[in-house]
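Both complexes shown next keep chain A, but they swap its partner, so chain B is in the first and chain C is in the second.
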Partner chain A sequence: MNDVVEAVEGANAEALARMLAGDPVLVDVVGAGEAIPALGEKVIGHAGPPVAWREMCGPMRGAVAGIAVFEGWARDLADAEQRAAAGDFTFRPNHDFDAVGPMTGMTTRSQPLLVVENRAFGNRAYCTINEGLGKVMRFGGNDGEVLARLAWLRTRLGPALGAALRDQGGIPLKGLVARGLTMGDEMHQRNVGCTGLLLRALAPALARTCPDREALAEILAFIAGNDQFFLNVAMVMGKAIMDPVRNIDGASVVTAMCRNGTDFAIRVSGTGDDWFTAPVEMPEGLYFPGFTAADANPDMGDSTIVETVGLGGFAMAAAPAVAGFVGAGSASEAALTTRAMSEITVGHNPEWTIPALDYLGVPSGIDIRRVLETGLAPTINTGIAHREPGIGQVGAGVVRAPMACFADAARALGHRLGVS
Partner chain B sequence: MSVTENRVRPGVFIDSVALMRISRDIAALPGIEDAALMMGTPANLEILADAGLLAEAGAAALGGDLILAVRARDRAAAEAALAAAAECLAAPGGSSVGDAGAGWQPRTLRGAVDTLPGANLALISVPGDFAAAEAWKALRLGLHVMIFSDNVAIEDERALKQAGRERGRLVMGPDCGTAIIAGTPLAFANEVPRGDVGIIGASGTGIQEVSCLVARAGGGVSHAIGVGGRDFSSEIGGIATHMAIDALDNDPATREIVLISKPPAAELLPALVARIAASEKRFTLCLLDAAPIALPENARQVATLAEAAGRPPAFDAAAQAPKPGPGRRGARGLFCGGTLAGEAGILFRRAGRDDAMIDLGADERTRGRPHPMIDPAPRDELLAGALADGDLAVVLLDLILGHGAHGDPAGGIAAALAAASADRPHVVASVTGTDRDPQSHAATTARLAAAGVLLAPSNAQAAELALACLAAGDD
Partner chain C sequence: MNDVVEAVEGANAEALARMLAGDPVLVDVVGAGEAIPALGEKVIGHAGPPVAWREMCGPMRGAVAGIAVFEGWARDLADAEQRAAAGDFTFRPNHDFDAVGPMTGMTTRSQPLLVVENRAFGNRAYCTINEGLGKVMRFGGNDGEVLARLAWLRTRLGPALGAALRDQGGIPLKGLVARGLTMGDEMHQRNVGCTGLLLRALAPALARTCPDREALAEILAFIAGNDQFFLNVAMVMGKAIMDPVRNIDGASVVTAMCRNGTDFAIRVSGTGDDWFTAPVEMPEGLYFPGFTAADANPDMGDSTIVETVGLGGFAMAAAPAVAGFVGAGSASEAALTTRAMSEITVGHNPEWTIPALDYLGVPSGIDIRRVLETGLAPTINTGIAHREPGIGQVGAGVVRAPMACFADAARALGHRLGVS
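Right, the complex of A and B next:
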């Protein structure tokens, strides 16, 4: 038994070492069909583990209908829903394509994707560009305004960002995130600092490569006007860091957490590509004017990859402004959240430190054994979508990962290690 | 000629305040003239150059790169300082217990060690089924372990103690109720001053009795180490006892070592005797009910805990013993401390008597309820029954004070005596404790004396007083 424990500890040390060695660089923006050839005609990448149309929640259905119209696979939203119900579309988790997507996570062939390369391991990961706040596709919005913005991202912003990134040889993200942590970001609910830092890093190359001054002004205003612009960058960075951690024999470290609005799922390094799922929970949070918890959809999105690398809820102590979403909402309570998450991780990230905790590194490498031992489920900072299709974001809050995923994963890992 | 060394970490950003704190510590290392950790911005490169800290490697750094720069007396000092800086960077927030983390209650041993990085001992008090697993975690964290829990399998105890020995970590217990490490009482233990007597005990109440007697005689205890009741069995082989002897033998503050145990398994005696002979310190062995053992000159064997603590307090049992009432011939002991019950039983048998010395803390009596040291109510009930028993000449009690014990163990006894008729057996008791204990030895004995209890200064002498009462009735 002790041999098994030593083996798991060794495998987890390797997992954490790979996480910490990761060198994520935002290198490009490319069309999804080019980056991911498998994203062909009528193939729709979505957030979370596999889900069929009939099981999809309201906002996910709304987003599917909207993206089908956007891609020209349906005349209108009603037609799109009929086609979806008839099995016209192939639904695949984004994670199947080295990709992640926020909330509904719609990823289809004509959308521009952020590309992050992990230069320590050579792998690449992908994510769509953040659309802004309010009525947006990731929260299930699908009207003309939403689709027009997606078209602008496709024709204007995506190509311009790609050109700027190629021009300057990419933007290393690890140091940028370290700096964002000292500016009060936790990279899930709050990305004000990092968005500013990214814009600062991008602006000279954008100015150099964007020939049209009006277009440039529009692009700069769009990024500057969206405090969450960096969220999608943080997500794709997380995916690029975590993918090399997959498939280490015996490792009990979580390599991905995600939800599709119906189920929550985790992947664990030592159990390959199996998803361990459980019904997703309802976030507790604060609501925009005119909305209440009764309007809320259950938790959704691939954005929990941010917590998987030690940010988001795990870095709560760095972001006192986000603390309002946690219970009483004091800064000291935010610190306690980070300390609690330290109990369930393999270690800390010495390059991503939190000044308020005397430069403690963010807790990194979620160990399913420790989750079960302590009964402390990962704390996740999240946006809240309306439960009906087409409405969009109604609030933000905090949600816990369901324990059943971790228990199932531990059983499976134990079985592989011959200790079941 | 001084040496300037730079290291560059590409793409590593650390907040400047954190870097300045590390820089200050590195600059204070031996042989270091100056040191700085800075991000490689143009302005910082200029500062480093002006300070004579910039070497070729650093000069090539970019704004997003971290530079570690030292100027040292020689290369060795520079390398040592850079290594120290790397260590600081690998574990930032070394004292991770900032104010912002205050109020955090760790959920795991590992979390506790993170919160209190200097800690080197874990006290494990969980249901027995889980105790071994927690003890393994503690050992893996490099901690010494005190296992308060009982009902741990002897195979687990052996494996844990063997692993602890390999790692140089003491495993105390299981069922280790008492320890005092460097003046800190753990679990059931008393406030005793520090001194030169080291105690090793297989029994919690035995350690408490000896440490309190040492303290009340004006002495003090360096360390009291519990080893668990099975340590000197054939299966365990005295692993913890030998490690404890080694520790106390190497401890300059310890002059004398007292070992309290049941008689060791016969095959373990030669190694114990040899180990004692190899020491220059004085040993006192209190091996309850053991036949005399041939010991080296630096060791003596005693029969009672009171003798183990040194010279027993002056006490003339025969002179203090009242006659029992007419027709009263029996005796009954109602004990909270197992070793104290055992000690009384030995003395009674040596006097040719076989009266019941009941250990109310025995496993079969405490299943599903607190130990009588914590909740003396069960004993108070039995005492009321004994006081109404027309055959009994004397009832013998122990009271154990200190941390973990009931706040007022004398209260129930006084109440039972107040409710009893005038025609009752004598009640004889001793109080294990010190005046610095929360319950206070002086206050407790005064209360008992006022209630009509006959008091002896030690458990053994209380047994002698009870025997003297019985003998007075035979006259």
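Right, the complex of A and C next:
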């Protein structure tokens, strides 16, 4: 038995070492069909573990209908819903394609995708570009305004960002995120610092490569007008860092957490690409004026990759302003969440530190054994979508990963290790 | 005697009300000679209270020689020093011209000046544009590289910023600074958040108004490459806010603090434009590699206007990362400085709040009576220049305002009020 514990500890040390060695660089923006050939006609990538149309929540259905119209696979939203019910579309988790997507996480072949390369391991990961706040597709929005914005991302913003990134040879993200942690960001519900740092890094190359002054002004204004622009970059960075941590024999470290609005799921390094799922929970949070908890959809999105890599709720102490926004207690108590998450991780990240905790690194490498021993489930900072399709974001809050995922994963890992 | 106390309290309440009512907007960049006609041939504005050439410290002399060459009033640095010694130049405090300048604070007629308008009161204030870090004129640098950068600010950056600001109708600063306080800035030794926010606000208008793509890229890269770019904006904002607080009968609130490298000086609302001076102190701080306290010049610059308005050392709790940089104790102790400064101010600013202190406003309105009662001199976060001309910045630290200024000011105010 001690041998097994030692093997797990050794495997977890390797898992943490790979996480900390990650060198994520935002290198390009490319068309999804080019980056991911499997994203063909009528194939729709979505957030979370696998889910069928009949099990999908309202905003996920709304987004599916919207993206089908956007891709030209349906005449209108009603037609799209009929086709979806008739089995016309193939639904696949984004994680199948080295990709992640926020909230509903729609990923289809004509959308532009951010590309992050983990230069320490050579792998690449992908994510769509953040659309902005309010009525947007990731929160289930699907009307003409939402589709027009997606079209602008496809024809204008995506190609311009790609050209700028190629021109400057990419933007290393590890140091940028380190700075963001000193600027009150936790990279999930607060990205105002990193969005500014990213714009500072991008703007000169955008100016050099974008030939049209009006288009350039529009692009700069779009990025500057969206404090959450960096969220999708943080997500694809998280995916690029965590993928090389997969498939370490015996490791009890979580390599992905995600939700599709129906189920929550985790992957653990020592159990490969199996998903351990449980019904997703409702966030506890604060609502925008005019909305209440009765409007809220259960938790959703691949954005929990941010917590998986030690940011988001795990870095709450860096972002006291978030604690109030997500309803996680007073700002002065933000440190408590980070301290609690330190109890369920293998270690701390010495390059991503929090000044207010005298430069303690963010808690990194969620160990499913510690989650079960302490009863402390990972704390996730999240946006809240309206439960009906077509409406959008109604609030923000905190949600806990369901304990059942961790218990199931521990059983499966134990089985692989020959213990029960 | 109680009547006098009541009168002072009432006057101080009015002083704080004017501070909080201030509505500073960055509206333009204009040539100094145009904004300040008194800045004529061979007139040199400098930081701090009045100072003669023979009393000037090394970096101030270095900057004077450099700016005289830059303006074409001397052939070279040696010629400039001879002319200065011969009385060829007129030296005037920047504060005489509604202006402020960091460190040596050289302000002369051909330089471009940031213009902040306080829209609540209609007054304007001026400050040069931040040159960047290291060997720069504000730290006494004066060689060809320093002068070439000043020439680029004059011909390229200044006009472009002015055009962008006029195009967009100015950038309101009160809310921007409020956001900066949630991003780890205290606006004196840390401006990384506000610099990003300013670039986000400026970039679209710059793209619209700057016809030359290479010049635009160069301008964006210059701003993006200087985390302290916002410092001069914070300073001119502070000057614009504090000027309407001057000349309130009986008010014991400080309206300006500044230093010329030889003397420290304060102005108090109830004693008009008199300067109360004392020998300036040495900062206690941390030095860049290769330098020590033996290289340090005494404290210098008009940048203490930032503390006068409740930021800088007064907002240390917002910026735990600064505490370490300036050697003011551990990051987790940053709140102590803000708590201490709360003991010497009339009130707090409800619009400039600090998340980590559960949204306590920054301590605002330094009351010379409380300084003397508590023995707590204002804490100032500052850069440290090399004591020899021509070298530049060697470190950063914390310095206290000399108590003698406050004692002298209190005597003068008492005399005006008929008490002793």
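Basically, the second predicted complex is superposed on the first by the 415 of 420 C-alpha atoms of A that agree within 3 Å, B and C clash if a C-alpha of one lies under 4 Å from a C-alpha of the other, contacts with A are read in each partner's own complex, and residues count from 1 in each chain.
Assume contacts are C-beta pairs under 8 Å (C-beta built on N, C-alpha and C of every residue); 3 or more make two chains touch, one makes a residue touch a chain.
These figures come from a predicted structure and were not determined experimentally.
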Touching partner for A:200 - first (chain B), second (chain C), both, neither: second
First (chain B), second (chain C), both or neither touched by A:179: both
Touching partner for A:321 - first (chain B), second (chain C), both, neither: second
Which of chain B and chain C A:247 touches, first, second, both or neither: neither
Chain B versus chain C as contact partner of A:361, first or second or both or neither: first
First (chain B), second (chain C), both or neither touched by A:221: second
Contacts of A:213 with chain B and chain C, given as first, second, both or neither: second
Partner chain(s) touched by A:331 [first = chain B, second = chain C, both, neither]: both
Which superposed partner A:168 touches (first chain B, second chain C, both, neither): neither
Chain A positions touched by chain B in one structure and by chain C in the second: 179, 182, 331-332, 355-359
Complex contacts: residues of chain A adjacent to chain B: 2, 5, 9, 23, 172, 174-176, 178-179, 182, 317, 331-332, 335-336, 339-340, 342-343, 350-351, 353-361, 370, 373-376
Of all residues in chain B, those that touch chain A in their complex: 10-15, 17-18, 64, 89-93, 95-98, 100-104, 106-108, 110-111, 114, 136, 140
Residue ranges of chain C touching chain A (in the complex, touch as defined): 179, 182-184, 192-193, 195-197, 199-201, 203-205, 207-208, 211, 213-214, 216-218, 220-221, 223-224, 320-321, 324, 330-332, 334, 355-359
